[in-house]
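Dropping a structure here in structure tokens format, bear with me for questions.
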């Protein structure tokens, strides 16, 4: 990964171009400084106020709730070298033994795997720009092998806010949006108009439906190597609207192959370190699209693994 | 664990006494048959209908949301031999490398641990009566070392229902309810009356607050060896009300030392295999008690690990 | 796994027939009692005396040493549900950091996997007869989820003894001995005669070469589902000669499909619990066969994982 | 870990001073180039020829063999953040089931842990100088998260060579050599003279006894935080003698606190990347010292985990 000086210079220029908007604001303590102060670890989740939550509960009109996760297991396609296994054990019961007069028996389970397998949230410690992470945190200052000392998922507050679902498959009039398709401002506004969604607001969680999960278990190679997804301009547009989180029904979240001229997972960089916006991947909104559940109460409580980078999650949407 | 015939007979008698109510109903296909039919894998969660969910959202008056999990890490007291570790890695970035022109860097994380550490849900495959699990499932028919073939946590639907919080510390006029204290019908009704809760209803999630989590990190030995909790009579009472789930702020859920004459984790047996009622442990309701948030919208989406017995969770309560 | 009384009776009869020789010796404390006393945990390894070791070193005439292990990794075929992964980490060096003035950097590695993957030794706690293990140890007395309390691999002494290699592929005049072929007394004596091996002696380690490892990486399905191997009569014959350990170049050790009338892994039962003879699997003797290294010094020191059932090993043969 | 330019300059100077001998040889392809050519991955193990092995077997006069490992388990003191756990399981046997007519039962075991716990070999991919590893291998070229692509322990050949044991406790006339004591040329030659060892030769394995393992389980804090050990001059001296491997009975191998002016684990750097000499740690030679087994046959076959950095080992010494 060590490059010669010329390549290094070119890379620096690319970096400056990529984040030119940020460099204008010279008074910022660093490129990834938080709007919410030097101690902030949760980013735009700060926008989810009680008033916001209360308003979101008013969106519930039918009481139908949706679990948004796919399953996680050893066959779930995952970004290399991620793996996942569960092991079931029966401590103290070898040979058919049981406990006490009521013959209690029990199963327990161990997980040996990566948090980034299946439906997942990317915490604010997941992605950086040359080892600079969200809110001026340098990797060498907070990344330890036995857990992040800052920006871990245990800090994420209770999430209960307005969710908005954009049906990109409907917008493109297809079952499965083609890989590499990038959703930018035009596509976002087009989908909103088509669905009658008036606005995306501060503190919202925005979910994209592409139909990509239809490939899961049928064409895992295609599923896990490319995908449609959010584009750079679209990411900046949603960031300008102060959304709290953004999710898709793909593994990559952003369009792969990446947009022409884009960096590697640059959309992740725009959202996570630059804007404090959490990312959700492999969010299954198939049934919601069928029900045209476009605006809803979105709730999420990631398991509070201390120092965890990501978390396997299962958000609940209620319409 | 092999016993002589006399001991075996005594054990059988104890079993009959313990579950005498069940044996009366001779027409049941087995002791743990589900009210919801032979294919049922979710128990009383079936009672959480859209109407129930819709009504629960009306309980939200302030928009304040609460995360109910404690943190899970290598120091979290856990039932032996459970362990937990997280490991942070930076694939492909050894030596300070980064990816592409925008110098993307990232952290990933592996979990190596047991699902029963920290705030957890006990799935319906967790507890059995002499290897008979919920809905007539015999261990030999569904328990595999690489994941349960039935009753795994991946089957749990989206949970969004009415939550009721019983402040047992308040009822006993103490900071921390004493270990071994069992909450039975009298205590449950007494707490309800004190708090002005009119009823516990079909499909509710009932949470108990005991103050026990105040011991966490201060006296882990006491915290993890004994606890106050639900009693057998209280469990049967709540089961008779058709609640969906019950939770406490302790590791054991039920009173430890166990009630006089009780089996080992017999309350777990009454709820999980006998009644299809999920159990939640180490649920942190401290702040809710301060706010007197007694009735609320409770939401939960456990990570959908295929064949998982338990899950580390973080339910969200909204008042 | 619970059977009706008739099936149970039949099974018991089968068990009696299988181990009829043992039941004659009624004075034994139990079916699996050790010749070496009630405290013995190492079986026939007791026969490897200093005199035996000294004599074995005299077999070295050329000084050529052989490593007998195949590699263990995530692609190594393994008995379900065994898995194996290694993860490389660089603690404290995120972002290209190094330690101190001489810029020390380092890699560390974690293993997450089963000990029975690749070249392995089966410890005396691996196989039992209806939960009765070697030397009258009942599973309920010594098997704990966090490690065996007896019969763990940490007890195995330093192994340095005479090794004998039987070239069964040569005996059958083939490259790869056909699956299901069972090596019994006739085949063992035939191979010895062909190779000019005069005797198999007390405390020896006997290795079988079949050519089966030629399939590894070429036809993993065939490799890992069937194999030639030791038969029941051959196992009893070698046990009667008081050998210390027996190894093959297959995953199963014994012939699969099993011999007509044989139990499931019954050869393992004959050797491990009944005779205290350790088993070695996936032992690569290809190069030794080329060199006709039939009698040699065999050394082995399994990693001393406390309470371990098996161990991934790499014995050294010296000719 | 980012330093200012002045500090960086000072560090560079230190580096130059530390490895000044190497910089003289300007024609070397890089600082860590191998004597054995650009493809070499095993270093001085190349010196263990059949003639060397044959001669070593002549050192066996009594036939007594020694296992040199301590046990590895969850309580073994280990360099942070290393952990270790073993889990015993009984696949397919839940509820007292068994397999087939002979009622086969079995235990299996999983390991979840780091290879650097207990008695271990440091492979040539373990230690580097600013990400330059043995034989001009840069970390970015061979270190992958799922296993080293070069220098993994699977490449280590069968080890059977002359072993020499230096009794440093005897030399210092003490039970336990004091922490921080560095063994350099004077101490090595002094111990040899005291024990009557005439020479240390090309391809030898040299082991140091300090008595340090007497602290294990008695004072784990002292045991695992400091230690006596090899010094920089001693390391260079032994390297000049072309030894194959060096081991000690401590966790750190080298003297801790480090010698005045030494880098962090600089002795590791001198031996592993600079000289291709493997390191062995926590080697238990207590019984050998009692027997005055100073020169012997040393054998070692590390488990061949593909891409592994270290390995938990149990070498066998035969006298």
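Note that the chains are named A, B, C and D in the order they appear, and that numbering of residues resets to 1 at the start of each chain.
Quick note on the criterion: contacts are C-beta pairs under 8 Å (C-beta built on N, C-alpha and C of every residue); 3 or more make two chains touch, one makes a residue touch a chain.
Since we're looking at a predicted model, the values are computed, not measured.
Trainee: Shared interface numbers for subunit A and subunit C above half of all numbers used, same, or below, different?
Mentor: Shared-number fraction above one half, so same.
Trainee: Give the chain pair, either C-D or B-C, that is connected by more C-beta contacts.
Mentor: Answer by contact count: C-D.
Trainee: Approximately how many whole Å separate the CA-defined centres of subunit A and subunit C?
Mentor: Here the centre of subunit C sits 48 Å away from the centre of subunit A.
Trainee: Using mean CA coordinates as chain centres, what's the subunit B-subunit C distance in Å?
Mentor: About 44 Å separates the centre of subunit B from that of subunit C.
Trainee: What whole-Å value do you get for the distance between subunit C and subunit D if each is reduced to the mean of its CA atoms?
Mentor: 28
Trainee: Send over the residues of subunit D in touch with two or more other chains.
Mentor: 1-2, 74, 80-81, 85, 87, 89-91, 94-97, 105, 107, 110, 112, 131, 138-140, 143-146
Trainee: Spell out the part of subunit C that touches subunit D in their complex, as residue ranges.
Mentor: Contact set of subunit C toward subunit D: 1-2, 10-11, 14-15, 18-19, 48-57, 60-74, 80-82, 85-91, 93, 95-116, 118-119, 125-131, 139, 143-148, 154, 156-160, 262-266, 268-269, 297, 299-318.
Trainee: Over in the complex, which subunit B residues touch subunit D? Could you list them?
Mentor: Listed in rising order, the residues are 74, 81, 83, 85, 87, 89, 91-92, 94-97, 112, 131, 138-140, 143-145.
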